[in-house]
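You will see chain A twice below: alongside chain B first, and alongside chain C after that.
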Partner chain A sequence: MINVKELDPRVKLTWCLFLILTALVSQSMVQNGVLLFCIVVIEIMTQKSLQRLKVPAILLLLVGSQILIINLLFGRAGTLLFSWGFLSIYSGFISAAIMGFLRISVISLGAIQFACNTDATDIAQMLIKWHVPYRYAMLVPITARFFPVMVNEYKSICDSHSVRGVPCDTVMEHIKNLPAAMLPLIYRALRISNDASLSIELRGYGRYDTRSFNKPIEMSTFEGIAILLIIIAYISLLLYTVFL
Partner chain B sequence: MESMISIDIKALVFPEEKEAALKNIKLDIKKGDFIAVTGGAASGKSLLLHTITSAAPKFYPCAIDGTVRVADRNVAEIPLCEMADYVGYMMQEPQNQMISRTVYDELAFGVANMNLSNGEIESRVKKIMSFLSIDDFAHRYTDALSGGQAQKVVLGSILTLKSPVLLLDQPTAELDPKTSAELYRHLARINREKNVTTMVVMDKSKEVLKYANRVVVMENGTMKECLTVDDYQNKYRTDTKIKNNLPIRVDRETDIVRLNGASHLYKSGIVGCQNIHFTLKKGDFTAVIGQNGSGKSTMLKLIEGLLKPTEGTVELFGTQVTKKNISQLRRRTGFLFQNPDDQIFCSSIKEEIGYVLKGKACEEEEKNRKIQDTLEFVGLKGWDEVHPQRLSRGQRQLLALGSVIINEPELIIADEPTSGLDEIQSRLVLEKLATLSAQGKTILLVTHDLSEAKYFANRIVVMNQHQLILDFKADEMDEYTKALVEIELLEGEAI
Partner chain C sequence: MEKEQALVKGNIFKTDTKSLIGGVIMGIVFVIACQITGQIDDMLPTGKMGMYLINGTVWAFFTALITLIYKQPGGIIAAEVEALVSVSYSPLWVSFIFANGIGTIWVSIIAAKYDMTKWSHHILAQAGVCILGNIIVGIGMLFIFGIPVNVAIIETLITIGVTWPLATILTKKVYEAVKKSGLVK
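Moving on, here comes the complex of A and B:
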């Protein structure tokens, strides 16, 4: 069994771009459905569960319901079913909404899967291979490291607001409290970034044009062929969509 | 002996500041010296270290009249990214300095920047992991480390660089006594075995004095004196511990807090605290002590309703805490966080203090009177319009205390309010808590400083491995020394 996490990041990026570009180009509901199925299969293969996609799926259902309403009100595909004043409903609104939902699902879930299955340091190495100076490429893993730190900082700020009588439990309360939470959060973010940048500078960051990596990325012949096949598949799909 | 650091600064001035932040400092540090740096708030201790790393002026722009030399080289001529050849620098908050996801990557970060081979990196990292006894968590995520573990990892990431000088800014400010002692033992070993010149900004525990050979005393940006440890201890002897001399009156009939077998298991599966049975009587001044990660903060959060018990119940003022009544119950409590910056979000001191009065049915005049009274109590009267971030950390902690007590809470919960503060600032915060206690407020204080617990509280409870294991009167603490040593909260010494 292939360990997706161990694959070269360039293979995973090519696959992710294939999903996104195909979803954008394809007019077929079946093709988009197949792509979504592939994402689900990969998730089960790598994670043995769909738990990681639970929250994005809920959000996508919310977005999907909005797409349905927009298409119901403004969709003009198919035949006119009902008309009253400014409101006209056409027969194609359901298929257009499903198509929109599938596209957004493939694009967002594909990108999430790439981000979750690719180590941030591997992304940095990939960028270095593309001649991005390592000082900038390393910002990817540094950002990934500080994301949970900032989430914890935000939680502790919310806790301190809660105990002073500013409720911070529901989503609406979080939104309402955002201006008050932003000031200490920005202050903390500035201090953390200040400390972190001094700390890395004093540990020789940027001293040479490149640096060593614990696990250097190296593309195998199999991975090279996989990239080639994905590109061929995309071009074939593009030609099929344009000419047939 | 060979000179390692030579400082000759006539003045260091920050842009748009009239006063020099550092002035008239002449200091010569020999190879293998172990120097403790001490001084009051804003006395220039950290800035002194910044001049040695050359972060001031390269990272923090300022004008320096004078020179700093490390290993006979003027640091002004060395690029910041090459300073690792000369000094290793560890700041106060370890989580801010770790930039890799795993411990191994963090330890390898500096040496990887040196472009060394993977074999050399691995060899250096493994040696350091073994030296610091952190081999077990090489593949752990850095954001899941406890305070002590994080300090060791940051120290390790600096040691892999093999710099001849080690600079540390209050490295144990947030650690429990045992972890703190352990870290200083490691530093002493590095100093002794590898002949690494070490300079440590001393925190209030003074543990570093066991290993230092000289003490630099800073005052108002200048070096007041440089003494041997014996001379320093004779001159600045503080045998008389600061005590709470105010009366503590406990009403044995009234329960303020009651935990009935309360437990909390975090979503990640980590145990916060387990089966806690605890009662806090009206007027009690109780100190909670325990190692880092023993569950003290989780217990406080259960009491304050910030976390729900996964088992058992929590009662506040005789009422079981539920989602519905927690807002009402919180009006009768005040929670002082370890980091005052979590709590402060207004743009002036007056606004910050008066925040909880917003929307309360009381006259504007009455609100102003309350604000002024509180400002006077916390010693910030006349600072009404000053931005909170212009205050020192100790003053910000007092401001946070003011913003809590203006609501006249019956119960004040303070989670390590003196961590990161120097002795004078800590005393100020504790004296205010003692005054509030004498006024009849119930105080629950979490602290790592056992002398604070002994001399300010009337009762001490001890947490160990997520459970409350001891509960005794503060003046009986000496009788429990053996038990505290057994749970590694003390290192076999009396307080």
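Moving on, here comes the complex of A and C:
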């Protein structure tokens, strides 16, 4: 199994940007299909399963169905297949929907793969290398740290609603209770942010201009060449799309 | 320790640690709210047509509220946290990066000029957030989803029409409630 987490975050970011920008620029179904295939192959090579992409894939199918409905009802590409009243269905709706689905799949799965394979501290170090002050760069690991904390806060608010006789177990119940849960969550977030900022200030956050890390990131020659090759590949694809 | 203290420059910037951390944590609350309202919209017929009306309202409300509480860069941090974490639930995250950024900057400008006590101030703040933000999301839908241009324009106009008044009411009421709670100055 290849350990992608050990790679420099700049290589992974370049690859992620290559996927996203190519998917946005490309008008070819084949190109987008190849990019999606690359994402799946990398996932199998690194994780030996597609488990991580299962939930995003379900969400993408949902969005894909929306694209299909919109193109079915309002798409005007191709020849007229069927007409009844205001409803007109044209032959181009399937290709437009498939193209849209492939594009959103590449954009979403590429970014998810980058987020899953990159440590938040590595991203902070990458930002510091780009001369972002560490007080701002360290907000990335802080986000990663506080995300589960805030989700648990939301769950505890839902639990306290359940105790008072308002069930909050199914998705529909969560949706119904949202307005009642949001204001307490905002208050809790304000209180937590006050406490957290005070405690990190007391630990010397921002006291010095630089900060050390346990495992500093260093880019190897191989990784530098990889970034260069990805950029060349993107420019070539861009020129191919524009001029051919 | 001078860097640790709050720096208020023309009422737009507030670079103390509390604002930075507050921006991050409120950004996470923003993500949770948007994720849940996104699910609500997915179940509604308007959502199936690509018009995220409830989600759009909550998005505009949080963009304005966080910017009013933490100013900049707290507002832009929260907005970009939401945009980047939305990778996990929306393919439109690329357009959210720009829409959220422009929305929060607009609110900062309005909040620097007015004291945000009247309805007109909030209407003006939300005008920029809803109009500019939804136009950018509409452009995103055009390029990312590949939907027809006329559909994107109509959907954007409907979304602006619904989210603008609702988000204005929500922002004013909640902002006053938060100020009254004493948790923010």
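We take it that the second predicted complex is superposed on the first by the 242 of 244 C-alpha atoms of A that agree within 3 Å, B and C clash if a C-alpha of one lies under 4 Å from a C-alpha of the other, contacts with A are read in each partner's own complex, and residues count from 1 in each chain.
Keep in mind that, in the parts below, a residue touches a chain if its C-beta (ideal position, glycine included) is under 8 Å from a C-beta of that chain, and two chains touch if they have at least 3 such contacts.
Small disclaimer: the values here were computed from a predicted structure and weren't measured.
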Does chain B (first) or chain C (second) touch A:I192, or do both, or does neither?
both
Regarding the shared-chain residue A:A115, is it in contact with chain B (first), chain C (second), both, or neither?
second
Considering only the touch criterion stated at the top, classify A:R211 as touching first (chain B), second (chain C), both, or neither.
first
So which one touches more of the residues on chain A, chain B or chain C?
C
First (chain B), second (chain C), both or neither touched by A:G92
neither
Considering only touches as defined above, state whether A:P167 meets chain B (first), chain C (second), both or neither.
first
Have a look at where A:G78 lands relative to chain B and chain C in the superposition and call it first, second, both or neither.
neither
Classify the contacts of A:G33 with the two partner chains as first (chain B alone), second (chain C alone), both, or neither.
neither
Touch test for A:L202: chain B only (first), chain C only (second), both, or neither?
first
Chain A residues contacted in one complex by chain B, in the other by chain C:
142, 146, 183, 187, 191-192, 196-198, 200-201, 205-207
Which chain A residues qualify as touching chain C in the complex?
20, 24, 56, 59-60, 62-63, 65-67, 69-71, 74-76, 96, 99-100, 103-105, 107-108, 111-112, 115, 135-136, 139, 142-143, 146-147, 150-151, 154, 171, 174-175, 178, 182-183, 185-187, 189-194, 196-198, 200-201, 205-207
Complex contacts: residues of chain C adjacent to chain A
1, 3-4, 16-18, 20-29, 31-33, 36-37, 39-40, 42-43, 47-50, 65, 69, 73, 77, 81, 85, 87-91, 93-94, 143-148, 150-151, 174, 177-178, 181, 183-184
Touching chain A in the complex, chain B uses residues 53, 55, 59, 79-84, 87-89, 91, 93, 95-101, 104-105, 108-118, 121, 142-143, 157-158, 161, 301, 304, 306, 327, 330-331, 333-335, 337, 339, 341-345, 347, 355-356, 389, 403-404, 407
Counting only contacts in the complex, chain A reaches chain B at residues 120-121, 141-142, 144-146, 148-149, 152, 156-157, 159-165, 167, 180-181, 183-184, 187-188, 191-192, 195-208, 210-214, 216
